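After this come two complexes, each holding chain A, first together with chain B and then together with chain C.
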Partner chain A sequence: MKKKKIGVYICHCGGNISDYVDVEKVRQSVEGEDIVFIAKTTMFACSDTNQRDMVDDIKANNLDGVIVASCSPKLHQLTFRNVSIRADLNKYTYVHANIREQASWAHSDNKMGATEKAIHLVKAAIAKARYADALETNKIKAKKAVAVIGAGVAGMKAAISLAEKNTEVILIEKEPFVGGRVAQWDSLSTTTETGKNMVKRLYSELTKHDNITILTNSEVIENKGSVGNISLKVKRTPRFIKASACHPDDLKRAIEVCPVEVPDEFNFRLSNRKAIYKNYPSEYPQIPVIDVKNCTRCGECEKVCKAVDFTEKEEILDVEVGSVLMATGFDSYTPEYGEFGYATSDNVITLPQFKRMIDTQFDKLTYNGKQIKNIAYIYCVGSRQTDGENTYCSRNCCTSTIHAAVTAKQKFADINNYHFNRGLRTYGKQEILYADSLRSGDIYLQSYEDGLPTVITEGKKTIVKINDILTNGREIEVEADLVVLVTGMVPRADNTIGSLFKIPKGRDKFYNEVHMKLRPVETVIDGITIAGACQGPKNIAESVNSALSAATKSYSILSKGELETDPLVATIDPEKCTWCGACEAACPFDAILKVEKDGKTIAEINNTVCKGCGMCAPVCDPDAVNLIACSSKEIMSMIDALV
Partner chain B sequence: MAELNKKSAKILVFSTEKISDPAIDMAGLLKLHYPPTVYTISIPCSSGIKPSWILYAYEKGFDGVFIAADGSDCVFGESCTEKTGHLVGKTHNLMKENGIEPARLRMAAICSVCSESFVKQMRTFNEYLLKTLHA
Partner chain C sequence: MAKINPAFGKELNKYGAVNFNACYNCGNCTAVCSLSTEDDSFPREMVRLSALGLEDDIKASLKPWECYYCGECSTHCPQEANPGELMMSLRRYLTGKYDWTGLSGLLYKSLPVSLAAFILTFVGVLAFVMSVGFELEKMVHFGHMFEMIAIGTVGLVILLPNVARMWYFTILKPKVNVSFTKYVKSMGELFIHMFTQKRALGCDDNQFRWFEHFILVIGYLSLLFTTVALDWFSSQNMFVIILGYVMSAIVFVVTVDFVSSRMKKQKEVSKHSQPSDIFFVVWLFLMGLTAFLVRLFIDINILEANKWLYVFHLTVLVQWALIIVPFGKWTHFLYRSFAMYFAKLKE
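And now, the complex of A and B:
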């Protein structure tokens, strides 16, 4: 057998690796390995220049494979596999060694230890490269359809973008109506379009596309398969209203006669709604819904409206798609009991509640029957916490608060705004709003995290105190008619859908992308992309940007109607196999077949079904099962190199 | 070099590409330090680890083996937890038969953001191995 010739490239990563790992020593330690033909260090392995040099090296020296020792393979394994392809090498002959996250950074306290570890890691990669064969990818047919989960502004925009690319879209919304959070806002910053109009415009676009199916009041309850062929089961809860028999006047009357009243979550519990309801008149779909959890089945609505139909049944729909785009949005932070007077003072509300008040009131701004003049905004409640879990900045709240304050001042008379902040982050064009606010006379008072404002209730008075660092720590107090807690975005409390798709979360508990710069809308689960605020706090423009990006990514996966999947599947050694059935029982994908070959009953792998998990391997007593690229000979040779 | 690292036990970690690898990478990103003699081999799923690999690691000189398991986060299905547990049990029996202390094999579910948990596991496992094998 011809001896392999491989090239090894050890990356400085600027100084990210070479500040802690002696990369030249690593190079010297591996250059003498029998299959190593070239061993080089490089300042940035991922740079275009180095990639071109690698291609030249491979071609000039007829290399059989390459190893790059650099950052995590999740960032650049694909980059260097593509380098191999450009050099006419099979991409599966490429092996990656992670000497940044798992050596230089993890052991930056021990440079010699980090260097020693890096040497072992590269030697293990060489051991693996020895057995890395050229492989052909498996080709599978991919369903050119995408399930978009969540019909907020991100989900709707993604659905439209996909439909325009001639892709079938199933838009699945858990709530009875589309629009998400944006439907809750009238006035938006940096645009004259209202949130409701934006939702109306997007819904109108959605309905123009025959290849978009909108499922409201629906949620995914089962997920099977993998990228290209994902089978979902969607539970569709009935609205109990027949669209065909739906006369607007009758429905209005049905809502009026409904005796049930429950806190209105759309209005952040500032008011109540009925059990049969629409959140606002122009809401889409334009059919009310009956909230069965709270409906008492008194029958009053049925008496006045023929469209009410309690015989409608829950449906379970089978949906086949190739990719899933998650746009499930966020929750607003709910302050703790007593946090800045929340729930203990009559005059303390949250920013979302305040925004609904502005949108729904006219002439005079009132709360609890009292006219509001002095408003104190306390920033970063539930964000940038030093003691709590939410250490991140929620990004949009500064702008949203200033926008609400400016709007309140424009809409209502005699409003005085006092902003108790910890440093403002009205980045980009949003700075214009801040300037507007200053011009209109808003007062800004600032503190650090160790000197937060306090809310004191004295009789019917609510006083906010601060040691203002902008006036040399002077104690300033404001008697506020209303205290608005500027609450940020938090991940959805209900993570049922995330768990169903096994989407990893980041440190902030939002869904995590593979890499914030290099692969910003992909997750480690192949075929699952993320968009909007389910990934982290975003304003509308940022959500739309990420939605368009995720839509393009999902489309690019499926656009050919065929997918190349890694051929890293299980293999059976027919000599060793005695067919005991243990592998068949262990396989969760029914990828193992019982076959007769040369007069012997043995197991056979169905390559198109096998997902390469390897669950079949440890249960095989005769050791007849191995996983390509993770075979016993590869793992054991790596152990030899690491020890 | 060996002198400098004498306070570290040699630990082989079997980690999974989708779930525990990101946590171990993030430990590095956060500069959460653990002994540099902890080496990771990536595999698709923790329930695909062969007991023979673990025994081979001890035979070649590793002090401990740690399985950074997928747990309920496994992308290949919910049976992973049970199957990984089963292979650990099987390996423990083989270790006993070969005169190897079963406590030298540890397993914990390491989720994709469980960086601190991973580092804590490595530090305590290292301490245990140093105390029992290198005292």
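And now, the complex of A and C:
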């Protein structure tokens, strides 16, 4: 093999490195290495001038690769890989040495030692460069279709956005109807459009695109394959109602005659519904559903409506997609028994229940038959907990509560609103709502987390007490007809779908993105994007924002019909492998498959899924696993240079 | 333990409070106030008490009187909650609460009632002058008599009990322990503030306004002394005559500026002027002007031919003495100085 010609650049980083590391000494100690053709020091390696000089050096001297000894590779590895590309080199021939975080900053008290360490680090990089091969990215064919899971506003909006880009969309909704949480609200804050109208508008847009397939009452039950080629199995529960034979009047009667009554989750259990039902008249799709879990098969509905058809069977559909967009939403926090009087006091309800009450009642606001005038709102219930697990802020509830309070005041006579809060977060334009509420005479009482309000029941009276920090900590009490617990958003209790796709969760137990700021809709599972409140509390605008960016991200993965994956993956030496399964157990990405090859059971790496993390290499007893670009040969030679 | 009274805000709005509910308790108003101190801070605290409707606390507080309304708080309020005007409204409200007859509150809250009172007193004056057949000598004699009787009666029957009520609300009811010697020793505070209003100098850039107000007070008190004790209209003494001219001129000339600023509504202090504020300055102006003209007409001997001027002067005088002094804004002269006295007692 021809001897390599390498260029080495040692960076001063202004003085960040050179104040402690004698960079000239580092240069001198490596320039004599056999493959080093050029060794230079530079004030700022990342500067445009130096990058240009590097390109010129590479081209003028036909260098085979370069090394920059500077800051962390997290900061500038990409910069210098791009320099290599500009100089017509393969980017994987570039090797980075970190002599700032690992030498000058870490050993600022020992200049000699820092210099010594820097020399070793650069020598190790040279040792690696000796074996650093030019690598090519892997290419695989990708199916230009996306499964969007969850048909709330985020899912619907994402589906429309993808369909507009000529991508096939399978919109999968677990519930019998689309719209998610937004369908539950009439009045929405800061816009005049109702939630139901918003859902109606989105649904009619969905149906205009013939490349969108809407599957309601459907759940993903199996997930196979990887980015570009994902195979899903979807279980579709029948509605037991034939759309073709569906006469609205008959269906109405069918609902009337149904003898079964169960608590209505759509109304947060404030009322009951039948076993054959629709949540609200204009719901989409506009066909009722029979809830098989509660249906007694008494046959009453069949007698009055010929659209009812109990012969419909459950279906399992195969869906092939290139990417999956998760928009599975959130649950509302359910307070603990006795938390601020929840379930122990007659007059305590949650915010979602209160919002449904405002939407469904007219003229007079009543609860348990009693007219409501004084309403106490207790904020941050189930959010910003100091004792519980939910330490996060639910973002949306301050605005939502104030909006509900203002709406109640406008809709019903003689309402007094008392807001027991811990500091309000009506950020952005929502602040206007807070100002409106103040001007209308709403009263805000505030405490810190160590002085939460207390709810006391005295006979039929419910009293809320607080030491109000805005009134010199004075104890102030309000006799409330209704106490509304402002419950925040929590992750879905049922995480079947999350486990199926192995989506990691953050400390808040919501789905986790790769990078909060720079990669906000991607997950560590390639090809799986997340949108809406499944990722964390969001309002409608924020959900739609994330839905649109997740749609774009899913689309951009598949848009070329072909995927390029990083060549830095694990490889299996079929000679050495004896299939013990240790690598498969160690792999966090399910990238290792058990295959039969030439009559031998061995491990095989799925290149599109493998991240090159290296978890499999050390557990392999026969040393059959090799990581590309981190091969045993490379690493051992680096260790030799270091010690 | 305190109970919130959300209806209080509506009551306070009748006294002229504007949008104070919009307050989100940032405290900018208190931070910019040059009179507020760490131990004695306002106006945010008063805005808060008003929003919650804690009436007993408001009645026990002297803070509304400690504010001299420079308007900086309202200028700096990010919520446009007008804390300055809230303090002003609290002063009107407290004036209403201190008054045992309840008439103050009635007049403050209702313009029609105020107008009815002005018309009623005018009718009374007309009836009187007709009963004496428009005889000038009798009218002037009565005018002088009326002044003396009114001062005595209003002082004893209305103002003295009201100041006593103020003392009850702010010192006695909140159980502030004050020794007798302290009452005596702090007396000086009362008179200093009554005749100098020196606290108003603590407001930023307020020297001119303070000076105007100061000479107006001196002018008004001197005019009162000249007409009542020295019987200016009947006096032959050159010194008394000239003193009367000078003092009445001071009163109406200085009030021109006060009236015009109330009309222009440019300064924060005059933006939300209530009828009671307007009545006060306009009647003060009319008092000075008509007194000046009456004496002038006497001196150039044309009053006999222009008796209507004296009737007009008498009307203004009666309305001033029976409406504005006992039940109107005049009382701030007393309450402000007593507030400083009581504040000293509380220290």
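Throughout what follows, the second predicted complex is superposed on the first by the 436 of 643 C-alpha atoms of A that agree within 3 Å, B and C clash if a C-alpha of one lies under 4 Å from a C-alpha of the other, contacts with A are read in each partner's own complex, and residues count from 1 in each chain.
Criterion: a contact is a pair of C-beta atoms (placed from the backbone, for glycine too) under 8 Å apart; a residue touches a chain by one contact, two chains touch by 3 or more.
Since this is a predicted model, take the numbers as computed values, not measurements.
After overlaying the two complexes on the shared chain, residue contacts for A:Gln371 are found with neither chain B nor chain C. Within the superposed three-chain model, A:Pro618 lies in touch with chain B and out of touch with chain C [touch as defined at top]. With both structures placed on the common chain, the touch criterion links A:Gly113 to chain B but leaves chain C unconnected.
Look at A:Thr191: by the touch rule set out above, it reaches neither chain B nor chain C. Of the two partner chains placed by superposition, only chain C is touched by A:Leu438; chain B is not. In the superposed model, A:Glu101 lies in contact with chain B only, and not with chain C. When chain B and chain C are set side by side, the one touching more residues of chain A is B.
Once both structures are placed on chain A, no chain A residue is touched by chain B and, in the other complex, by chain C.
Residue ranges of chain A in contact with chain C, taken from their complex: 416, 418, 434-435, 438-444, 446, 470-472, 474-478. By the touch criterion given at the top, residues 72-74, 98, 100-110, 112-114, 116-117, 120-121, 124, 502, 504-507, 512, 524-525, 568, 586, 588, 611-619, 623, 627, 630, 632, 635-636, 638-640, 642-643 of chain A touch chain B in their complex.
Residue ranges on chain C touching chain A, taken from their complex, read 1-4, 6, 9, 19, 21-25, 45, 48-49, 51-52, 54, 79.
By the touch rule above, chain B contacts chain A in their complex via residues 1, 4-5, 8, 10, 12, 17-19, 21-22, 24-29, 31-37, 39-45, 47-53, 56-57, 60-62, 73-77, 79-80, 83, 87, 90, 111-113.
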